[in-house]
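The two complexes that follow have chain A in common; it is paired with chain B in the first and with chain C in the second.
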Partner chain A sequence: RRGVSFRLQALRVCSGRHPCAVCCPATMLNRVTRLVPRARQLDPGRFLHGGPQGPQGLAVHLDDRVPDETPRAGSRPSEDDPAGAGEQREDRHYRIPLQDLPTVFAHGLPQYQHYVCQVKTFHEACLLVRRPALELLRHLDGTNFAHPAVRYVLYGEKGTGKTLSLCHVIHFCAKRDWLVVHVPDAHLWVKSCRGLLRSAYNRQRFDQPVEASSWLKSFKTANERFLSQIKIQETYMWNKRESTEKGRPLGEVVEQGLTRVKNATDAVGIVLKELKSQSCSGAFRLLVAVDGVNALWGKTTLKREDKSLMAPEELALVHSLRKMVRNDWHGGAVVLALSQTGSLFTPRMAYLPQELLGKEGFDALDPFVPVLVSNYSPEEFERCIQYYLENSWLQHEKAHTEEGKKELLFLSDANPGQLERLCAYL
Partner chain B sequence: MQCRTDLGLCVAFPPSPVTRSGTQKAAFVGSSWPAKMAAPAGKVARGWSVLALTLRTAVPRLPGLTQVRWSRYSPEYRDPQTDKEYYRKPLAELTEEEKCEQELRKTQLIKAAPAAKTSSVFEDPVISKFINMMMKGGNKVLARSLMTQTLEAVKRKQFEKYHAASAEEQATIERNPYTIFHQALKNCEPVIGLVPILRGGHFYQVPVPLPARRRRFLAMKWMLTECREKKHRRTLMPEKLSHELLEAFHNQGPVIKKKHDMHKMAEANRALAHYRWW
Partner chain C sequence: RVAASLSTWLALQPGTRTLRVFCTSVSLATCSTIPSPHTAERTPRYKRLLRRKALPSRVEKMTVDQDWPSVYPVATPFKPSAVPLPIRMGYPVKRAVRMAKEGNLELLKIPNFLHLTPEAIKKHRKTLKDFYTDWPAALDSDEKCEKHFPIEMDTTETIYLKPQSVETLRVKLSSLNLDDHAKKKPIKLVGERYCKTTDVLTIKTNRCPLKRQNYEYALYLLTVLYHESWKTEEWEKDKIEADMEEYVWNSSSSEKNILETLLQMKAAEKNLQVNKEELLATKEVEEYKKSVVNLKNEGDNENTLSQYKESVKKLLNLM
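This part shows the complex of A and B:
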């Protein structure tokens, strides 16, 4: 075990008058003793994404820390159980047992309908084990639960696999019996919501009964076994007649939220607060996984009664989630994924944390560990094509030839999302 | 009177002169498809001088016959060769003919390739033609995406059937959407067609053997008409089209029925077959 502590250097983009590094690659964390941000100096020599040395620079840095796995030749996807002794190797397809799907992914994957279709067609849920996810899993394995929760942010261009890497991490943690708080798409909470109510708890904020109750339902399915074990530490008065006493299991709060839809948002807030305060006790490990986290600090398209646009902090759900992703608790980890696809009022080509989170979001999440998810490497691309061929998904006779593979590489530019769309009709 | 269709000529009643602007004139009153089933590239010419140079040299002046379809290119223009394999053949493997052709290509004029023609290995002329027929208002992007979604839908449906079937049946289930598409259209092609021919002031539906491209066109046209008009308005095109293609692949469905109706009518009118003069 490496006992050296690191300081995170969080650099900012400057005034924007000249191109510069957006965010210096934060060094890999093993033990964080002091999270003291250095003085915000710009290092013009270090470009993270601006030049060709950028991503390789980060990759080289990773290699220094962790012994490199030699990619094995592709073979039939192995049913690697992350909790067991079998280690996950890079460039292998890792199959999630189908019976785990309803519990682990109780929320479904609203952002990624193509993967849901693929699972239905192949009758198996396979994920390619890739370097970003593998590194994340190794770090989660070695987390020190006495230290504040480390925040990992998955970012990358569209279609590179941030959501599926997040799913991989969630399944890994669920197998290890962590309590997973999974928000599949935070963008759905800031747009097209019907039935907004003024919150009873705080008149300034708004409740979202529909979204809150559907989230509570999936949370209940995913974490059934914890709901009876965890006891709440305060008494909560729902109204004059109903209340939940101290010492009752958390399941009762969830039930209250599900039966009385008006109190659903408050129930979500209570659940998150209780989990946060009790994770320090060590009874369970908490993983907070949010996809599309830039929605929490972006803009909304929801309107108040006087038809003016709301700010996200006026939504009670967003407020409680923001408190959850702070690092003022310990006993777990926070894994976040950015997403431009569902975001509001962000440019299409934006993918960097500074661009998507904005100043407010970056400040709130600072310091975090950025994890770049990029396009397939040649080995990964080859492995993906092999997987499709083994499942007879590529039916076109020319797709089996070298010419066809070269053309697929050219057309998709090794982007996982594009490759999947291309192979769907070939 | 014979109709030299390969030169883009037709019988004219009365012979209609080509105007200075070179616009196309329909030579027949109520012109039927035999007059129209002519020249491969029918484009409107612009420029009297081009006409004068190309037309006079290429086409012999026959009495009663008028050029109705024009091409921007003169006959010495050759079609573009987009096949990569053709260019990759090493010199030793080429026959004398091919060597001669390659020499000629260096100096001869070549037509511009259309925008939709690529050197991709996955390109299929039948699919391209179908996409063009599905296109509305020049929206090729939409038409192409509908086609790819249809192929995907066909593939997924076949995979569902494959997984649900037993081991013996799995060998018979075809999962390649391209084979299904080609076979379905082949099954929909009519063998014999009806043509309205004017005799004694009346139009008679005369059974006539159809050339290959007319049959392919009719198959595609019937498929698209069936999907566009006869289905519920809220269903999406990929869904409708995938369903129709799968039915036609198994020789069932409304398009096959239309083909059989056409055959039956031709059979019923076989007494009029002698009205055909070609």
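This part shows the complex of A and C:
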């Protein structure tokens, strides 16, 4: 039965959106069937990955250990201090300690389920340190907090690792005690939302209680310690009976949003506004990280009561987020990642900033620093394979050989996402 | 008559040559003895056989260095027996080659210029030499020709059911006296008739019946276009950014953004005595402006994006 399910998985992926180099060559399927008897011998934990589902992938790597430790074939991750970014060399891997995961990835990675499964399988979360991330970390290190927030936009083709680079940056900032406002996927806010309500604050806009409350929950988990320190600077009236006074901790606003779901969107707006105004005072450093930021200026599939399509600015969440990514505040930085997957009405091959952001988005984000995330370089590819071999992820007998590696390189074209999927079968 | 039609049918088939050769093997001597059962109006058999006898076509007698203009002195339809080239034309049947030139209707349909080979043209030239006037000595280069005669007119005349002529007028817009606004307006007015890479405006007219009328109409259109482009209508003031042909940086949102950013940066450094013009006149802002204009006009590519990145980094002191 396992053999059948394995094969079915292989076939299922073939109907996905990507040009599947995986299932089409008959050789791959042959390999799959040959592997099946072997699978039974191995630890079932190894193969309990959820199967490749998500569109983007960044393979995760192991680092070469410091030479004085026991040398092993391949590598184990070095210590997990992203704050030592200066010491981090390129093509190294570093591990995020498991206790950090709930806070760093509090929002989860909704478009990236198979990385989460991989983390579960390997019992560790490793990220390859790559040039774009290092560049960003260097800039963030040297940020002048008196100047307006600089916006960095990660762009690149599908599957090259923008999301995970963003996660790397988030972890780095979290370690340095920055307050991180992380929106894992802005596309989720512009499509398939249920329960839209007319905003009480502004009749022209719409609230999204479900999305807002789930975001508030994860925000609370991620930044627990700040919520009691930051005090709000205005009184907010929720309704005739409830209000939050000036000087109360921000945590109360978040609580209000979580308990009264109707006010969740307004709570999000208030949180963002307060954070923005208070980061200028220097009490904390603020990092705004948004993935799929092109959703904010794209189109929505949400309909008004009269069944006409809404513009994104009519959504209160989108409106407050747009205000957040402007550079009229200082004391932090804004790191954004573009994403075509999940975006609406954009061509599949689009990945350049102007294509995805459009004129409006570009003008809103201008001036920003575009950072290109590309496919693996040969060294990075080598590392990736080493990591998989080290973790016994690649079981095929030819995976160790040069030919096997060349074949993998050819099939995946050094694209991290593709490589990750291919290796899932081996 | 059946035989006659049969012979013409055979003549149209490829490979009739062999058939004809076969026919000629029948000697004349024998046919007169065969009594003809037909009536007197039908041609006697020997005459029919004579007719069927194939004369070798002219092509076989042609030498390589013959005088071709005498074979095709005027425009005549294609004669397979007179053209010594092994041409094939037509849509091939499956697994076959195209039809040969003998009896090929396709070759008859198309116009041929066999009467205008270089040899023939040289001969024409020699004959017409006495009627020529000299090329003006002052116009010895292309640029001078363009400078003095910027407008080119081409005429195409066809006679099919009725005589009609098409006049094509070509002129470079740079040779016309136009200012900034007047340069952009005719481009928008004529649309596809203007080619951006060669800066050539092409006007084609064929509405009028006579050649001269078309010629004058084309010149009239050019004159009207020229005068209209100098005029500015009231509704042209409503031109918005989306109508612009090129990205204009001045008073664009990009300029506003960068100005705000720079002002904030200066305010942070407690430097409040700056004015906007000074800020915008620095080298970094110039570079940034160029890179944004490039990005917007040319679109995204590695070059423009890296240029933009460098200029933003310099501007925001991120190096």
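Everything that follows uses one rule, which is that the second predicted complex is superposed on the first by the 346 of 426 C-alpha atoms of A that agree within 3 Å, B and C clash if a C-alpha of one lies under 4 Å from a C-alpha of the other, contacts with A are read in each partner's own complex, and residues count from 1 in each chain.
To be clear about the criterion, contacts are C-beta pairs under 8 Å (C-beta built on N, C-alpha and C of every residue); 3 or more make two chains touch, one makes a residue touch a chain.
What you are looking at is a predicted structure, and each value in this text was computed from that prediction instead of being measured.
On the shared subunit chain A, the superposed partners chain B and chain C are arranged side by side without overlap. In the superposition on chain A, contact is made by A:424 with chain B only, not with chain C. Once the two complexes are laid over each other on the shared chain, residue contacts for A:146 go to chain C alone; chain B is not touched. By the touch criterion defined above, A:372 reaches chain C but does not reach chain B.
When the shared chain is aligned, chain B comes close enough to touch A:396, but chain C does not. Of the two partner chains placed by superposition, only chain B is touched by A:123; chain C is not. Shared-chain residue A:318: touches no atom of chain B or chain C. Using the contact criterion defined above for the overlaid structures, shared-chain residue A:352 touches chain C, although it does not reach chain B.
More residues of chain A are touched by C (comparison of chain B with chain C). Taking the two complexes aligned on chain A, the least Cα distance separating chain B from chain C is 17 Å. Judged by the document's definition of touching, no chain A residue lies at the interface with chain B and also at the interface with chain C. Within the complex formed with chain A, the residues of chain C that make contact are 252-254, 257-258, 260-261, 264-265, 268-269, 288, 292, 295-296, 299-301, 305, 308-309, 312-313, 315-318. Across the interface of their complex, chain A is touched by residues 84, 120-122, 148-149, 151-152, 155-156, 159-160, 163, 175-178 of chain B.
Against chain B, the residues of chain A that register as touching in their complex are 117, 121-123, 392, 395-399, 401, 403-404, 407, 424-426.
Interface residues of chain A facing chain C in the complex, by the touch rule stated above, are 139, 142, 144, 146-148, 150, 327-328, 330, 352-355, 363, 366-372.
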